[in-house]
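What follows is chain A paired twice: with chain B in the first complex and chain C in the second.
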Partner chain A sequence: MSGLTTRTGSTLESRQMRARTALAAILIGALAAGSALAADFDADATINIGSLYEPQNLDNTAGAGQGINEAFNNNVYEGLFRLADSGEVEPVLAKDFKVSDDGLTYTFTLQPSVKFHSGEPLTSKDVKFSIERVTSAESKSSRKNSLKPIAGIETPDDATVVIKLSSRSISLPYNLSYVWIINDTATNLTATEDGTGPYELADWRRGSSLALTRFDGYWGQKPSNGDVVFQYFTEATALNNALLTGSVDIITSVQSPDSLAQFKDNADFTVAEGKSTTKLLLAYNDRVAPFDNVKVRKALARAVDDAKLLKAVWGDYGTLIGSMVPPTDPWFIDLTKTDGYDVESAKALLKEAGYQDGFSFTIDTPNYDPHPIAAQFLQGELAKIGVKVNINVITANEWYSKVYKAHDFQATLQEHVNHRDIVFYGNPDFYWGYNNPKVVDLIKQAEASTTTDDQTTKLKEANTIIAEDAASNWLYLYPQIVVSAKSVTGYPLNGLNAQFFAGGIKKAD
Partner chain B sequence: MPTILSYLLRRLAILLVSIVIAAAVLFVLLRLLPGDPANALVSVGADPEQIEAARRQVGSDLSLSQQFVRFVSSLARFDLGTSFVSHAPVLPEIGKRLAITVPLTLMAFGLAIAIALPLGIIAAVRANRWYGSLISVVSQLGIAVPVFWIGILLVTVFAVNLRLFPSGGFPPRGWARPDAAFTALVLPVITIAIVMSASLIRYVRSATQDVLGSDYLRTARALGARFPEALIRHGIRNASVPVISIIGIELASTLLGAVVVERVFSLPGLGSMLLLGIEQRDYPNVQGVLFISTLLVLLVGFLADLAQRLIDPRLRDRSGGASR
Partner chain C sequence: MSESTIIIASVEGKKRRSWTFTIGAIIVGLQVVIGLMTLIWTPFDPSAMSGGRLGAASLVHLAGTDRLGRDLFSLIMIGSRIALTVGSGAIVIGGLIGITIGLLAAFASKTLDDVLAAGLDILIAFPTLLLAMLIVASSDGASLTTAIVAIGIANSAIVARLTRILAKRVLSMDYITASRISGTSWLGVVMIHVLPNIWPTLLVNLALQFGLAVIAEASLSYLGLGAPPPNASWGRLLQEAQATVYTAPLGAIAPGIALVSLVIGINLLADGLRDLADPTRRSRR
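Take a look at the complex of A and B:
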């Protein structure tokens, strides 16, 4: 299941042009920052970031959870590339790269004079070590599969890395943005770190906080603050209270819509809505009856008023989607009309499928918000077409055993956080068991594309087919809402891949 | 002193048997939960081989009997192991968590006693005055109210509205900044103390009432002692015997009841470690926390027992005889 990308297979010229534009942007940014420095913000400020996602450990190949991306991606560790807040893939530790004509050899030149936090210089051996950590047998990285085309890594000299592929992979630079570059002599990475990022780990108190401090030997642009402390909460209410009382400056991702009013109507706070990649799905087990019948799936899609659900859960926030692809992806097409809300046609489709008297099925529902509410809503909606829904509440842990691994379910609710995860529909062994050879082929072809246009065309087609097939019921796209104290600016707005770059955050004096 | 020694030995034996039983029950209960500890290590996108590798790593691919042998043999070596999820050794982590849970419990406990003793005695001695009845009624109310509700109420009033104390969390530098750490515990301590003192008041009240109706108090007064003097010299000592055993139980349950309060206040104590461990099926963490807290509870029971003996000579003498 490789991730898929746009732009990164572009020619060298256009990349250099982008690099120049990026440089110009950095210079302008630096100038702006320079002029602001004296009066506006405290360059040594401590930024307190409140979050619900504590990393389970500090190693993203050892099951650390999404919290580690938030705290460490591009703060502590950098990759050859990064997925910027805009959704673009930008070079970071890769100064430059060349692709052979057959698309099977990538030659990367590393940024010079990059140092790890331990003081050792970055070399090509560290890059090889880091990529092999992700592809190793012990790796628990969810991105391991996307790096499968890598056949070998060579390090002809300290500044050059050559990656040989077994098949074309247009998303390689995108996929490499998930690979942290770690010093190859580092040990105990579940509790310590040795990265190249603008911050180094100062202190980690499990269950409570993770403190980062500015790394003075950083090769790139110096952060506009001194320290960053992630404070972790288990309850959304406790997190909101912490912001209200000034214990934290920012909430990375508000998950309790009801609480927004207290910040929106308050001049002390800023509520910013960005774009997320988190989708709420009613996923059927497409292997089992009646969900192996496309008419039944379409009928269920038409019977549910997604807009009403979104309004009930998120008020005026969030976006309706008609398939797995959110509007931030290049291969987005508006497919919300494909099986739009239409109870009468839903009934007709059920009749055609031979279920005029309805049927009953069970939704395995994770026990945390918003799943139970969504399940009850679906129960009400589907009752209108004579379909009876039983709700079986399970824990997140059980979900993995029962649904994800054993495929022992009829339907389930799940939030899918991953960026560019339409590729899951190209894997017939995935938990939802959607199997359309055309889609499998299109997704494979897209990855082997030579141009991003070609890739985009193929994925748009795949996207249209899964929507036509109503492979799953895509209920809505979550909003990404960051709330901060008025005095704090410069934080990333979008929640792509749950990252949170802290380097640009400024706190007023 | 042979009497004390044999008493201590007997207690120690009971302690050991209790721990073995607790460990076995724990092992079985944990594994009755549906799910798999390996699941906490994977995320959507992981392939079947990765899941199997994770299961091998945490040992959940082994049979239950193999797992039990592993568990018992490491326990016998006093090795609580390493967390499946965080990969941190369990014992040092518990030590860090106790640095929050123990002060929290003890301060709450001290405050609860400071509230409950005078109020309980007043409620008994002045049972027919309006304030005596009021104390009884309010304490009954205190028992009925759930602890998290009191916590949320205190946060809303004293943290969010009045800004007197932090609303939750523990300062990132911990006890290195004692003032910040202490203020972080103020509201949780009050929350626990309110609930705890509510039930304590009732025990103190009924123990005092028993004493008030006793012969020796009447005798003491007949011999010319003034009422407060008789109450303090004879009454309190007698009343404290049952109260101490209740206090022991209360202290133990507070230690475990801190789970809820720690959750409400986002405190990184033993309770939150336990809760997260259960969610993630992180057996070493859960086993470690329950094992250490079982030890603590048994220890508290032991101390309460000892205290009773020191106060009450009748119990002391009895321990010298043949063991029951």
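Take a look at the complex of A and C:
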């Protein structure tokens, strides 16, 4: 996997965790119906969701940005699997699947009587078409590389898909959760859609809103609302005001703790904190001196009081992390003690590395919050050990071309939103250029594991090594805060891959 | 700015000149003093985390502290220096380039004049910010210098157009022809006749450009295209305060007041200058 997603960048794969809550809500809803309880919510309600992430277009293989996952994943399009709000992978359009003993052949049986919004039935050909769209040369999907082991796709009958792999890939179901199943006759997918999800696209007003309406032919559990409208804002303050005045019901992800004050003590609103996978990183270019020296990287890690930075940016929210793996991943280990804050030992390490007089370097800093403030904080912290930091403010686009593509940087600040993105450290060509053959090998082996336990053990080991190597400086894990009007419940809480499953959202009468 | 000339030019308007010019001069003067003071002293080290997160205004921290606990008043004082530096730099560059090109166009042949005039119109049609972004993008990252150059170049087009029009008006006068016939060189004409006739209007225009340059600098910094951190430009302070505008509104209000007061001060000054320098305007009042 070499793609990644930043908040403003291309595809992002967070929020899938929310699926779980949505599913739970659906189940609870079904139970409630079974016990003949009167519905206390409006089944035809319009849910207005406020977001800062408007998609660039409607195709997640065409660089649409994280907003499209938020609006469309499991709302308009479904995959064979989905990443639930809990972080687990659940089957959706795949009713069942079998893996051959050598782990190289996956046979999927599709859900019967699934219809696309255009009315056509789902067949195995649509699945083949959809996977090949993601792996094609033109595709800009960040998951393209993770699907590389796919050697061929066969469709013996309409309800069966056989995927042949060139090497074992224990994450295949997980990776397939990023693949939207699209009708193979659909065209113009950047502006229209033809999926199987519980909602179909009603209206997209560029720069303003994206309206979805309940699809009556949906194969699964009917959503507990009638319409969902994503309303897009470019500015967080305007978005907060929209919630305060009731023009939106929910904010998918609050980006500043200070704006919460107006909702927290107000009985009309619910503030819910979930778990996010978004990490703020000071990523070094590990290819260039002095960052090719592990002692220097460790010294820099020890010189920065992450807790103080987290407090400055997020107040009482957020979590400290010691590596790239957040607590929601199965291979999480608490590594915050590795290279913990210790200025004296940082100085000693720098001396050992031959930089007793310090050095200076430039941090390429994206121009939006919290990067500039974090950069200034680092400037102050590193000055204490004699390291001079220059701040070069750049735009998101410049970051993409200068840092991500051209690797033309010394160090950079960036928020990494992806779920399970420790694998980026197994790719020596990734922008930060971390190259430890042991880690590359462990990550490769983990993917070829036969059991998840085996995979977890290997990735835990890799996780420990990257922390010991101080491959990057993991500053903190963002909180995921959803704020809603009191009358609205049933929304997903966690920030996995920016998904926001709307099917379970209920609005009180 | 040539106080003696102004007084001579406004014998009868002396009473009227007072308030706009004086108030403007006081505000700008105060900011200049503050800006210069930061070279040797600020209440706190601007990069030191001397207080708590988003501290309220107090006798210790006059404008409170930001998210990192830095003293905002010290940062705003430094912002004053940056605004004035960029403003002065931009009008020096804008003035030099603008007046030169404007005079050149006024003296040039019809064809060259048309080409220059069209060029200036295109440059003026370009928004200052866009031009600045282009300059920043084509240089090695944003800095105080790129901001000054970018704003200066954008200003120069407006100055050049004005200079051209004013100079042409003077050049069409009979006494210029007389002067040329009597053997004055073109440079002599510029120095003796053109510049002394057009400078009052130019000066007022440059003063107004100064105010616009201060705003342009704040806008560029707000967008991350101005002086990079830790240079405490007002625009950047505003940008950083945006995230906390509800809980700590002072963080946005304080640099906002500083910015607005300087621009108002400059505009009052320019207004006063215009009243003093332009006899027709004065008599109309």
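FYI, the second predicted complex is superposed on the first by the 475 of 509 C-alpha atoms of A that agree within 3 Å, B and C clash if a C-alpha of one lies under 4 Å from a C-alpha of the other, contacts with A are read in each partner's own complex, and residues count from 1 in each chain.
One rule holds in what follows: a contact is a pair of C-beta atoms (placed from the backbone, for glycine too) under 8 Å apart; a residue touches a chain by one contact, two chains touch by 3 or more.
Just so it is clear, the structure is predicted and the values come from calculations on it, not from any experiment.
Of the two partner chains, neither chain B nor chain C is touched by A:100.
In the superposed model, A:356 lies in contact with neither chain B nor chain C.
Of the two partner chains, chain B is the only one that A:145 touches; chain C does not reach it.
In the superposition on chain A, A:315 makes contact with chain C only, not with chain B. Chain A is touched at more residues by one of its partners, and among chain B and chain C that partner is B. When the two complexes are overlaid on their common chain A, residue A:395 makes contact with chain B and with chain C alike. Once the two complexes are laid over each other on the shared chain, residue contacts for A:380 go to chain C alone; chain B is not touched.
In the superposition on chain A, no contact is made by A:185 with either chain B or chain C. On chain A, the surface touched by chain B in one complex and the surface touched by chain C in the other have residues 237, 394-395 in common.
Those residues of chain A whose C-beta lies close enough to touch chain B in the complex are 1, 56-57, 59, 62-63, 65-66, 137-140, 142-145, 190-191, 203, 205-209, 211, 229, 231-235, 237-239, 241-242, 244-245, 247, 394-402, 404-405, 414, 416-418, 421, 424, 429.
Every residue of chain C that touches chain A in the complex is listed here, in rising order: 47-49, 53-54, 66-69, 141-142, 223-225, 228-230, 236, 239-240, 242-248.
Remark: chain B residues 34-36, 39-48, 50-51, 53-54, 57, 85-88, 93, 96-97, 152, 155, 159-160, 163, 166-170, 172-174, 263-269, 272-273, 275-276, 279-281 touch chain A in the complex. Across the complex, chain A meets chain C through its residues 236-237, 240, 255-256, 258-259, 261-262, 308, 311-313, 315, 365, 367-370, 372-373, 375-377, 379-380, 383, 390-395.
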